[in-house]
Each structure stands twice: as C-alpha cells, then as structure tokens.
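Okay, so chain A shows up in both of these, paired with chain B first and chain C after.
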Partner chain A sequence: MDSALIPKGVERCPLGRFLAFIAIVGAVLLWGVVAMFLIYIKGLNQTNMNNAYGFALWIWADLAVIALGGGAFFTGLLRYIFGKEELKNIINYAVLIGFVCYSSALLILAIDVGQPLRAWFIFWHANVHSMLTEVAFCLTCYFGVLTIEYIPLILENRQIERISFFRHLAHNMHGIMAVFAATGAFLSFFHQGSLGGVSGVLYGRPFGFRSGIGIWPWTFFLYTWSAAACGPCFTILVTRITEMATRKKLVKDDVIDLLAKIAGWMLATYIAAKIVDTVYWAAVTAPAMGFTLMDFYTNNPGSAYGLWILIAEVGLCGVLPALMLIAPSVRRNARLLFLAVLLAVLGACLNRWVMILQMQAVPVLPFERWFTYFPSWQEIATTILPVAYGIILIAFSYRYLPIFPQEAELNPLPEGGR
Partner chain B sequence: MDQPKNKRYGMVIDLDKCTGCGACMVACMAENNIPFRDDDTDKLLSVSWMHVYRLSNGKPFPQAEECFLPRPCQHCEGEHGHSPCVSVCPATATDYDMHTGIVSQIYTRCFGCRYCMAACPYHVRQFNWWDPVWPEGMERALNPDVSVRMRGVVEKCSFCYSRYQTALNRAYVEGRRELAEEEYQTACAQACPAGAIVFGDLNNPRHRVHRIVQPDLAHGGRPRNPKAFRLLERLGTHPKVYYLTSRDWVRRAGDNEVQQS
Partner chain C sequence: MFPFSFEWVWDLGHLVFHGALWYALSILGIGLTYCILKAAWQASRGEEHDHGHH
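This part shows the complex of A and B:
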C-alpha cells in the first residue's frame, strides 16, 4: 500500500506488520506523554527529586543521550574533515541517531525545568559564567545543524525527490555538508565539554569538582573525548540492533571495522586520561578539600555507590572495551564487537550517572548522611518516552528514506523485485 | 555626603548558647512568607531558610553531648563574588551584591533548573515543589514586604533583605546614607531568646560581628577568633556565617579533615 514511498531496490516488511510495531511502541510513547502532561499540570512534585537531589534521572538521561549522540559529530568530522570516505555508508544513520538523541535531550530539558514557560530566560538573561548557558546555546545551535544534516535525507524520499526543487536542494545541501560537519564538530566540542563542566566547576561538591586549565575543568575535555569515543560505539550498537530487527545486513563490515577501530583508539586514550584524572583527583584535588577517596564511596554491602561503581566504569566498561576494540580479531567477531560497543556505551552512561547522581548522594557537610533517590514512575515514563520516540523516528526513516547506501547491494532483490 | 563603603553583612551563631528551641526557624518563616504543607515531615521536600541541625558527639552516657546548629544561607563570597551558586545560574537569577555581600535570589527570573541546588554544599537552596497554599485567613497575615513564591522556583535565606531595603529607605528619608547596627537586623537574630545569633557588617569594626569574629579580609574573611569557625572552610566558599564554640568536637564537625595516618 505504501510501496510508492519505499526506496528503490530494497524490501520492507508488510505495512500491517509495520503499523502493529509502531502501535506497540506508540503505546509506550503515549504512556510517556501522559506522564509528561501530568508533570506539566501538577509540577515537579510528581517526581521523587528533592532538595538534596535537584538533579536526577532526567539530567543523567540528558547527559547520556548527548554523549551517545556524539557519534554524529565525530563520524561527520571523520568523513568530511579527515576524509574517511568509507564512512559515507554509515554517516546518514549516525546523523539520524544524533538527531534523535539531541531532540530527546531538548524534550527532557523542557520537562525538567520548574517553570517551562520561562525556559527562554536561559538565552535572554544568559549568565556567561554558567556552564548550563554554554550547554543551552551550543546544544540548540547544534540541534539546528543536525536538522540541516537530516533534511537532505528526508528530501531523498522517492516521492519528494520527484519534485525538482527538493531534489536539487538535497543535492546542494549534500555539497556543502562539510561546512555543517565542521560547525557541528566545533559546537559539539563546546557543549559536550560544558556538560562535563556542569559538575567539574562545582567547587562546593568535591566529588564532582576537578582542577583544569583556565576556566575549563578536566571534565570539560574528558566529556568531549568520551563522547567522541562512545558516540560511534552507540552508532555501531544501534546499527547492529537495526540489522537484527530487520534481519538484514545494512552496512558492510569494513565500514563498521574502521569506525570501531577509531572508536577503540579514542576510548583507549580517553580511559588513560580518565585514569590519570581519577588518580590526581583522589590524591591531590579531593584531599585538599578535606576528603579521601573512600569518603566518596560507601562500604555498605550492595550499596549503589560502593567502590565497585568506579571499577565498573573505568575497568569493565572502559579499559576492557578499549582493548577489545583495538584488537582486529575482536572487531571481526560480530558477537565480541557487539559486546565491546555495548560495554563502551554502558561506560559512558555510568560516567554520567556518577557525575550527576553520586555527586549529590555524597554528604559534604560532615554531619550529614548519604542521600538516596529512586525515580518515580512519571520520571521513568518520561525518560522512556524519548526512547520510544527515537524507535518510531528510526523505523519511519528506515522504511521510507535511503538511510543505508549499501543496503540494496548487500540485499539484492529476487528477480522481478522493485 | 560621603558615599557609603561596601558592606559585608554576616552572622555569628554561638553554638554554646543555642538551645535548639527553633524560634529562629519560626521567625524566619513568618518574616519571609515561607510556605508549608499540611504534612511537612519530609524535610527534603519542605522549605526552611533557617534549618537547625542536631549534632551528636556519638559517645555513650555520660560523655554524650549534643549541639544544635542553625544553618541559614552562608552568603558565600567565593573568589571575587563567585559563590558556588551564583556563578552557575544560567539565567542570572541569583546575584552576589558587592555592596552588601548578600546573595540574592530573583524569583521571577528563576526558571527552576536547580543547578544552584546541586552547587550548594550547605543545602540552603530549596525548591518550591508545590504552589503555596495558606490556611484560610492567613493571607492577611503575610508580610507585605516579601513576595510569595510560586511553584517551580528555588528560594533561600536572603538575610531578610526586605528589612535592609526598609531601613535604607528610612535612612534616605532622614538624609542618611549609613545604617546603624540595630537598624538592620534579621528576624532570626531578633527572635533568638538565648542571644546566640548576632548580625551585622563584618567590614565595620564597630559592629559586634566584626569584634567577635575579627575577620582576616586578606584571606577570604577567615576568623582570627580561635573560637570561631565556618562550615566547610577548606572548600574556599568563604561564607559570611560564622559559628562559635569552645567544644572541640563541635568545631571538628564543621569541616572535613583528611586523617593523617
């Protein structure tokens, strides 16, 4: 029924099955929308945040999706600026995933503020000293860049492309995409960095605070670095999941291998820097503020914030996937590659988790105790909402747009196909 | 007429005098129109600009000792007015006033991102999780000089800034530019029955706070009085609220210290 919209030379599942899938994910989306309106109408008392946990699940989700969406800027940088031509076969998907991640982050931020109608104050009354101001400006601008990068893909839909103006617009936009890729990389450097600065500048919070260069704490650079390392891992992970869901090979192994190799080296250098940062923080920065490393971790068995979380972040989800991705034999093994990129993605998420949630859990006043928090269903639903939205946008984009240039070649249609 | 010199309003709280009666908290709530709910038992959800902590030395009887520690906003100066919360607010909704040393909060500009709450190590910043609902008739008892706050914004102790404005207006009308010590006092300082809270200008050698604390202005206002200390001195927040005690364990409870092995 919708065959006229489906790209040439590829096959899609029947419309009924597609719509059934959309309906299931749409139900989850609807659940999130209900929670969102509940929060808009009744306020942030619908969450389990409190005066000790002013930042919680949403801010973590924001930081995590922006880190994972970093695959778009870094793949774009490699493709358009460093001339890694092979990556043209995955750049569309990286851009789409980035678009989903960044639009999700903006949506969550719009729910997260206490007075959403005043959210524009961040631009109008901007405080240049605040990392959040830098985040807001760069994030909004970069979302504009991602939209510009995504538009040509929409214009390449079979029916839209028939209109001469749109066809030429898409062609010309592709022609100048290097400019936007460079702009995107520039903006990403600053907003990924300033997200790192969000906790890094808090000199009242010794767990998050880091020394640095000038006005930039070390976390500024570590966040950009980790986004460049783990963003491409997320792109590979979602590509593999898409391949599993569609039961098709969509991107050739050499493309994935190249991206995984670069991500591996980025991750290896990042995690080395992260270890140096952690040692310096534990040995110099924190003690100068009156804290030892073990003041930041609880000894209680099964604690959410035991030392295990540092070991898991740096070792299991940092050093291990870095070593795996550097090894060609691991990259050639589909299962091990999947595991490696999954661990790297979890590592980035875990890093953002501790830098936001654990930072607030740690007592700073000596006579206070650890603070605990578990999100309300409204917070969970509104955090899952963008995931459902992302799946739906990816599903529609995959069905109707030529996202994967190698798909037709990798999946030749039987005789008589479209 | 001489231009007034910059003030550094601050507070000294004598912990050896504080009985933990809570009069300061009550006076603060009444003065500043602080909202409350039917069930305000969860203190992490309620608003209290002045909060009294109960500290224990953790020893068994008969060595057991307790201490009550009232905690208003510390009005940190940081380095050059970059207090932990002021520098992070993305919308300039909180400000460090160089003329008074008071950290202000502009409720109508705050959009509730709560970054300042994450930045403050003293937990003095609190969020309005609900719109204020006053018991019937209480609206008429609200302080007309202090605006009530709506849901979704952060608020905190202002050193009763409306009292400063009122006192300054009165002085201007009388042709003065300087306030006498007693002209501007916070509600908590006036309400404390034990006289444990002293408020004034730390820059003014005639004010009691200055005489008690003897602040070393070259080092962020560090107290020269050996009985005085500030909370979390090592962080470099340079608070303007000082505490007095003659008890070592109370003093130690004010800051973190890496134990030397």
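This part shows the complex of A and C:
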C-alpha cells in the first residue's frame, strides 16, 4: 500500500507488520506521554527529587544521550572536515541517531524545567557566568544543525523528491553541508565540555570538583573527549541492532571498521587521560579539601556506591573496550565488536551517572549521611519515552528514507523487484 | 538578549556568550536562506543536476 514511498531498490516488511510494531512501541510512548502530562499538570511533586537531588534521573538521561549523540558531530567532522570519504555510507544514520538523541534531550529538559513556558528566559535573561547557559545556547543551536542535516534525507523520499524545488533544496544543502558540520562541531565541543564543567566547578562538592586550565576544569575536556569516543560506538551499536532487526547487512564492514578504529583510539586516549585525572584528583584535589579516596566509596549504608563502580567505569567499560577496538582481529569479529561498542556505551552512561547522581549522594558535611534516591514511576516513564520515540522515528526513517546508501548493493533484489 | 535590552552589560562575558550565539545562528540562517533561494531560482528555471551527493 505504501510501496510508492519506499526507496528504490530496497525491500521493506509488509505494512501491517510495520504498523503492528509501531503500535507496540507506541504503547510505551503513550505511557511516557501520560506521565509527562501528569508532571505538567501536577508539577515536579510527581518526582522523587528533593533538596539533595536537584539533578536526578532526567539530568543523567540528558547527559547520557547527549554524549551518545556525539557520534553525529564527530562522524560529521571526520567526513566533511578531515575528508574520511568512506564515512559517507554511515553519516546519514549518525545524523539520524544524533537528531533522536538531541531532540530527546530537549524533550526531557522541557519536562525537567518545571515551567516550560519560561524556557526562553535562559536566552533572554542569560546568566553569562553559568556553564548551563552555554549548554542551553549550544544545545539549541546544535539541534538546529542536526535538523538542517536531517532535512535533506526527508527531501530525498521518492515522492518528495519528485518536486523540483525540494530536489534542488536537498542538493544545495548537501553542497554546503561542510559549513553546517563545522558549525556543529564547534557547538558540540563547547556544550559537551560545559556539561562536564558543571560538576567540575562545584568546589562545594569534592567528589565532582576538579582543577583545570583557566575557567575550564579537566572534566570540560574529558566530557568532549568521551563523547567523541563513545558517540561513534553508539552509532555502530545502533547500526548493528538495526541490522539484526531487519536481518540485512546495511553498511559494509570496511566502513564500520574505520569508524570503530578511530573510536578505539579516541577511547584509548580518553581513558588514559581519565586515569591521570582520577589519580590526581584522588591524590591531590580531594585531600586538599579534607577527603580521602575511600571516603567516597565506603561507609555508605543505603546506597550501592563502592569501589566497584570506579573499576567498572574505568576498567571494564573503559580500558577493556579501548583495547578491544584498537585490535584489528577484534574489530573483524562481529560479536566481539558488538561487545566492545556496548561496553564503551555503558562506560559513557556510567560516567555520567557517577558525575551526576553519585556526586549528589556523597555527604559534604561531617554530620550528614549519604543521600539516597530512587526515581518515581513518572520519572522512569518520561525517561523511557524518548527511547520509544527514537525507535519510532528510526523505524519510519528506515522505511521511507534512503538512510543507508549501500543497502541496495548489499541486498540485491531478485529479478523483477522494485 | 540584545545590547539594547536593559539587562545588557558591555563586558567580556556578554560579548563572548551572545557573540558566539549570534555568530552560530547567523551561519545557520544565512546558509539555509542561500539554499532555499538558490533552490527556488533553479526550480523556476527548470534546471536539473546529477544525483551524486551523500
């Protein structure tokens, strides 16, 4: 029924099966929307946030999806600025994933701010001494860049492309995409960094506080670095999951191998810097503020923060995937590559969890206990909402837009096909 | 915020923050306007081009 909308030379599942899949994911989306409206109508009392946890599950989700959406800016930088032509075969999907991640982040923020009708205040009544102002500026602008990068894909739909103006518009936008990609890389560098800077400048919280250069704590650079390393890993991970779901090969191995190799070296250098940063913090920064390393990992009844989380973040989800991705033999093994990118993605998520939620759990005064927090169902539902939205947008984009340039070549249709 | 807003202060913070914001928005706006106007011009003249992008 919708065959006229499906790209030429590729095959899609029957419309009925597609709509059944959308209905299942849509039910999850609906659950999130109900929770969202509950929060809009009744307010932030629907959450379990409190005076100790002003930043909670939503902010972790924000930081995690922004880090994982970093695949778009870094792949764009490699493709358009550094001339890695092979990546043209995955850049569309990286942009789509980035678009999903950033629109999800903005959606979560729109719920989190409590009064979304005043969201524009941050632009008009900007506090220019706040890292979060820089984040808001760059995040919004970069979402604009991702939208500009996504629009040509929509315009290349078989039916839309028949209109001369849209066909020319898509072509022209592709023509100057390097300008948009460079702007996106500039914006990403600053908002990824400033998100890290938020915890790094909190001198009242020794768990998060870091020294640095000028006004920029080391976490500023570590966040940008980790996003550039783990973002492409997330792109590879979602590509592999899409291939499993569609039972098709969508991107050639040499393209994935190149991206994985670059991500591996980025991850290796990032994790080396992270280890140096952690050692310096544990040996110099924290003791100067009256804390030892083990103060942050012991004597914390009611919470599960032990040394295991540091080992898991830096070792299991940092050093291990970096070593795996650097090794060509591992990259050539589909299962090991999947495991490596999965660990890298978990590492980025764990890092953001530690720097947001564990930081707030640690007491800073002698008479305080460890603070505990468990999100309400409304918080969980609104955090899962963007996941469902992302799956639906990817499903529609995959079905109707030419996202994977190599798909037709890798999956030739039988004689008489479309 | 613009320099004519009552909250505006002529200091480095405001210049850097808002300067970067306007700079980025200008690039996006000019780039998009250029693409749209050029496409309208090409469409009105009935021009065609190769499908060699991505």
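In the analysis below, the second predicted complex is superposed on the first by the 413 of 418 C-alpha atoms of A that agree within 3 Å, B and C clash if a C-alpha of one lies under 4 Å from a C-alpha of the other, contacts with A are read in each partner's own complex, and residues count from 1 in each chain.
Methods note: a contact is a pair of C-beta atoms (placed from the backbone, for glycine too) under 8 Å apart; a residue touches a chain by one contact, two chains touch by 3 or more.
Computed from a predicted model, the values in this text were never measured in an experiment.
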Requested in this report: Check the residue A:133 against both partner chains and state whether it touches chain B (first), chain C (second), both, or neither.
Outcome: both
Requested in this report: Tell me which partner A:44 touches in the superposition: chain B (first), chain C (second), both or neither.
Outcome: first
Requested in this report: Mind working out whether A:360 is in touch with chain B, chain C, both or neither, as first, second, both or neither?
Outcome: first
Requested in this report: Name the contact category of A:88: first (chain B only), second (chain C only), both, or neither.
Outcome: second
Requested in this report: Have a look at where A:125 lands relative to chain B and chain C in the superposition and call it first, second, both or neither.
Outcome: both
Query raised in the report: A:165 contacts which: chain B (first), chain C (second), both, neither?
Result: second
Query raised in the report: Which partner, chain B or chain C, is in contact with more residues of chain A?
Result: B
Query raised in the report: Where on chain A do chain B and chain C both make contact?
Result: 124-126, 129, 133
Query - Complex contacts: residues of chain A adjacent to chain B - result: 43-45, 49-55, 112-116, 118-119, 121-122, 124-127, 129-133, 136, 198-199, 201-206, 287-292, 295, 359-360, 364-368, 371
Requested in this report: Would you mind writing out the residues of chain A in touch with chain C in their complex?
Outcome: 88-89, 91-92, 123-126, 128-129, 133-134, 137-138, 141, 144-145, 148, 164-166, 168-176, 179-180, 183, 186-187, 190, 405
Query - Residue numbers on chain C that touch chain A, as the complex places them - result: 1, 5, 7, 11, 13-14, 16-18, 20-21, 24-25, 27-28, 31-32, 34-36, 38-40, 42-43, 46-47, 49, 53-54
Query - Complex interface listing, chain B residues touching chain A - result: 42, 44-45, 53, 55, 69, 78, 82, 84, 87-93, 109-115, 117-123, 125-131, 150-154, 231-232, 234-237, 252-259
